[in-house]
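The same chain A turns up in both complexes below, where it pairs with chain B and then with chain C.
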Partner chain A sequence: MSNDTRIPLQPVWDQPDTSRIPFKVYTDEQTHQQELEKLFYRNHWCYVGLEAEIPEPGDFKRTVIGERSVIMVRDNEGMINVVENVCAHRGMRFCRKKHGNAKELVCPYHQWNYDLKGNLQGVPFRRGVKQDGEVKGGMPKDFKPAEHGLTQLRVAQRGGVVFASFDENVEPFEEFIGPQMLHYFDRLFNGRKLKLLGYNKQRIPGNWKLMQENIKDPYHPGLLHTWFVTFGLWRADNRSELKMDEHHRHAAMISTRGQGGKNAQTTNVSSFKEEMKLNDPRFLDVEVEPWWNGPTAVMMTVFPSVILQQQVNSVSTRHIQPNGHDSFDFVWTHFGFEDDTPEMTERRLRQANLFGPAGFVSADDGEVIEFSQEGFEQKPFHRSLAELGGREIEETDHMVSETLIRGMYEYWRKQMEV
Partner chain B sequence: MNSTTMNMEIYLQLTQFYQDYAAAVDAADWDSWIEMFADDCTYRIQSRENHERNLPMAALSLDGKGMLKDRIYGITETIFHDPYMQNHVIAAPRILGLSPDLIEAQANYAVFRTKNDGIAQVFNVGRYIDRIRQTADGLRIESRICVFDNDMILNSLIYPI
Partner chain C sequence: MSENWIPVSELEAIPDDDVIGVAVNGHQIALYKVDGEVFATDNVCSHGQALLSDGFLEDGEIECPLHQGRFCIKSGKAMCDPLTEDIRTYTTRVEGEEVMLLLD
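Up next is the complex of A and B:
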């Protein structure tokens, strides 16, 4: 890319590969609108929640796909449906509660009511009003309620996790995830019932892709996050692998905790603190669980909407909810498993202190995303660099590589046709 | 109200304690902040959503002074973040229970955040739900749960509320 300081009019990607990323992909509102259409509303499965959030018939949760409000609801047959939160009549975003239990979905404006699958059941005064022996007003005789339901999304459930898509022609969920990533998905969600522990929510003033990149970037955790490097949770000398699906859109960073402490790897790492000792070691009271099958951390990015986290005993989903090109809401849903002992639940809750908006580790990530966005906005004609580990896209057996970021942008360019 | 009757002295003492707390966190005087807690204390910052739905998750959940010290080490030494000032406005406490050695009280709070190049923002608004011990050395927090109304934390929450 040239050092020309004019802002280009067209989306620009004048490099043959994706080792350079134009700042404009983070700063352009039109690009953002296209991303919503091409990545969130078409062709992709997006995360909506966990089955455990709506255990009973009538339970619902309001959430979003991209920037469209949707309702995930369990019907009387126990099936999970996802419908768009826009009334078929006058378009009102009618559901205001974040969660609850309902027998039907009703828009208060004119009391159009829908069953828990989103089918229109009733329209007040459909047949008009009787006055002086005459029927006045009402809907035309050819009005067909069946044609005026809520927008019903396609739904996929696996291992207690619910995804949905506005796209009727989206490929089957298992194909979307791909066999390589499905292996890691099933490792975490292996059929045990999930137990909801609660939420952490933060509004991060940065482009949503930066969050995907953050979890496709194994370079930073051992440098930015003092806790990770000092206690050996994530650092360059840990045994690790970087894997992708065949399209390079989803990825997993897989790592096994080392011993921590000082060695050749830490001598150049300023965030390493040899003298750091916890006053209360319960923050890192790790208990190995059988389902791990080795790795102590698997961080999985499912493009475009969610990150699935296992960091030792802390397991969560992190839902990416864009609002504009320069901001997204980041919703963490922490959970455990039905067979967890009270001690394990306690452990998961304690280790959650490392994560989320106040986390010993994750607070850093929100901050660097905010400051990256500031850098992009001030010189949108510029580009960032992602060539650690080369300019190619390949799986690795180490973490000193930005290959997953290059892979994501290869896919992004194909989808966005730039 | 429990057995002991409220008197002006206890109310003034408690009010002063709350204002001392605000002054300590606003001045980033973390040693004083830690000393306001009992050794076996509980300190949580939890969203109202989790609190009202009886979900145990909290943005921060610390038990015992050791964890408080580790948090302070984190915010001063290990967490990378934009520096900011805090300004706490704590409403008059509401005493809900009183016994010779324990005060159960609540107080609304608003925390304004001002970054280095910035203008004060409403950062966190909520309510303290407290159990405060009356000890020979003065009042000490046995348990403080900061239940905040904000649905979203504005990016990161670094300092104690």
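Up next is the complex of A and C:
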């Protein structure tokens, strides 16, 4: 880039490729608004939750798509609906509970009342009030409740996971994920019923894309997360692969852990500290599961809204919920499978201590994202480098590449038309 | 046990094909008159907090003013969403100009 330190109005891409990323893509509120429209509300399926979170008719969960509040609710026929949390009458975001069970959805302001599919059922005093033998007020005679339901989103379910879209014309979910990534999606969600184990939630003061990039960046785990290296969960020479869908928007980092220990090479990353021991070694009481088919970790980014995690026995979804260009909520849903033994459930829960806002590993990511945002905000005319492994976009069989980040921005530029 | 018939209203106080609300021993009762015949149900809707006597009587059904749930005035049956619970009905008879209601 030139020495020009004036702040551009729009992000400036100074290369034909995406190996240098303008800081402005993280700092510009207008860009953020366009992203919400183009990446979250149109053309994409966004994660909303797990079927196991709402097992019974009437169960609901309030969540978001981008910055829009939505409700995932199971109706009396057992179907899952996703409706926008905005009353059709005066526009109030009426549902305030995070989870619950309800017979109907009611806005408290004027008690407009919707069924569990979002259809308008009742309007108080729709036909007016009777006074002195006369009927006064009420809605116009031509008011049609059928035209004033809650916004009903399209819903896709696969393997117990629920996605939704505001876009009527969004492509089928399987095409959206693409065959390459569907393979890894189905590996984790292979039809077994899921069992909800719990949540972590944190607010990270950084741009939401940084979290997608974090899980498309296999360069950092062995360098930032010294805990991983110390205890042998991640080493740069782990057998590993980086894969993408054909649009390069989704990706998977697939790795198979070495045996660790003093006889293994840690190859230039960090010394393996033999003298360091866990107070409670059960954190790494890993049990190989048949469904892994080899890989000990598959970290999958589904653009734009979710990360699907398998890190040894810990499995979770991580939902990205932007609020402004410089902040997002990160909601972890830890789960297991219905056929897990109590010991396996306990093991999954223990290993979940690696993750979440205070996790042995993930606490690091929250901080570096915050500090990256600080850097961008002070130097918005500058750009970052993503040239590791070359400037091309290609799948690799090693971890020393930023190809997935370049791929995501290639897709981003196409979608954003910049 | 003797039957507990209570006078609740004058017949002419109930307009034809309409509904009024009365209080009987602390119970809120809705009284309906259809083709000269009197019917009685609970007056408080089983769904929201509303009096059915503020609602609209049509084709033997009372529509709640709040959320348009409808009950059959003869059986008390909940006829549509958002209602999930029926309401109670009462036996009436007319003695001269007086409407009598059977309370148990």
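In the analysis below, the second predicted complex is superposed on the first by the 406 of 418 C-alpha atoms of A that agree within 3 Å, B and C clash if a C-alpha of one lies under 4 Å from a C-alpha of the other, contacts with A are read in each partner's own complex, and residues count from 1 in each chain.
In this section, a contact is a pair of C-beta atoms (placed from the backbone, for glycine too) under 8 Å apart; a residue touches a chain by one contact, two chains touch by 3 or more.
Computed from a predicted structure; not experimentally measured.
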Worksheet entry | chain A residues touched - chain C or chain B, whichever exceeds | B
Worksheet item: Of the two partner chains, chain B (first) and chain C (second), which one does A:126 touch, if any: first, second, both, or neither?
Response: second
Discussion item. Per the contact definition in the header, classify A:115: touching chain B only (first), chain C only (second), both, or neither.
Written reply: second
Practice prompt. Report for A:38: first if it touches chain B alone, second if chain C alone, otherwise both or neither.
Written response: neither
Practice prompt. Give one of first, second, both or neither to describe whether A:104 is in contact with chain B, with chain C, with both, or with none.
Written response: second
Worksheet item: Residues of chain C touching chain A in their complex?
Response: 15, 48, 50, 54, 56, 63-69, 81-82, 84
Fill in: List of chain A residues in touch with chain B within their complex
98-99, 196-205, 224, 226-227, 271, 273, 276, 278-280, 282-283, 329, 334, 345, 349-350, 352-353, 356-358, 360, 363-364, 366-368, 370-371
Worksheet item: In their complex, what parts of chain A are in touch with chain C?
Response: 103-104, 111, 113, 115, 121-127, 129-130, 133
Worksheet item: Mind pulling up the chain B residues that touch chain A in the complex?
Response: 45, 47, 49-50, 53, 55-67, 69-71, 73-74, 77-82, 151-158
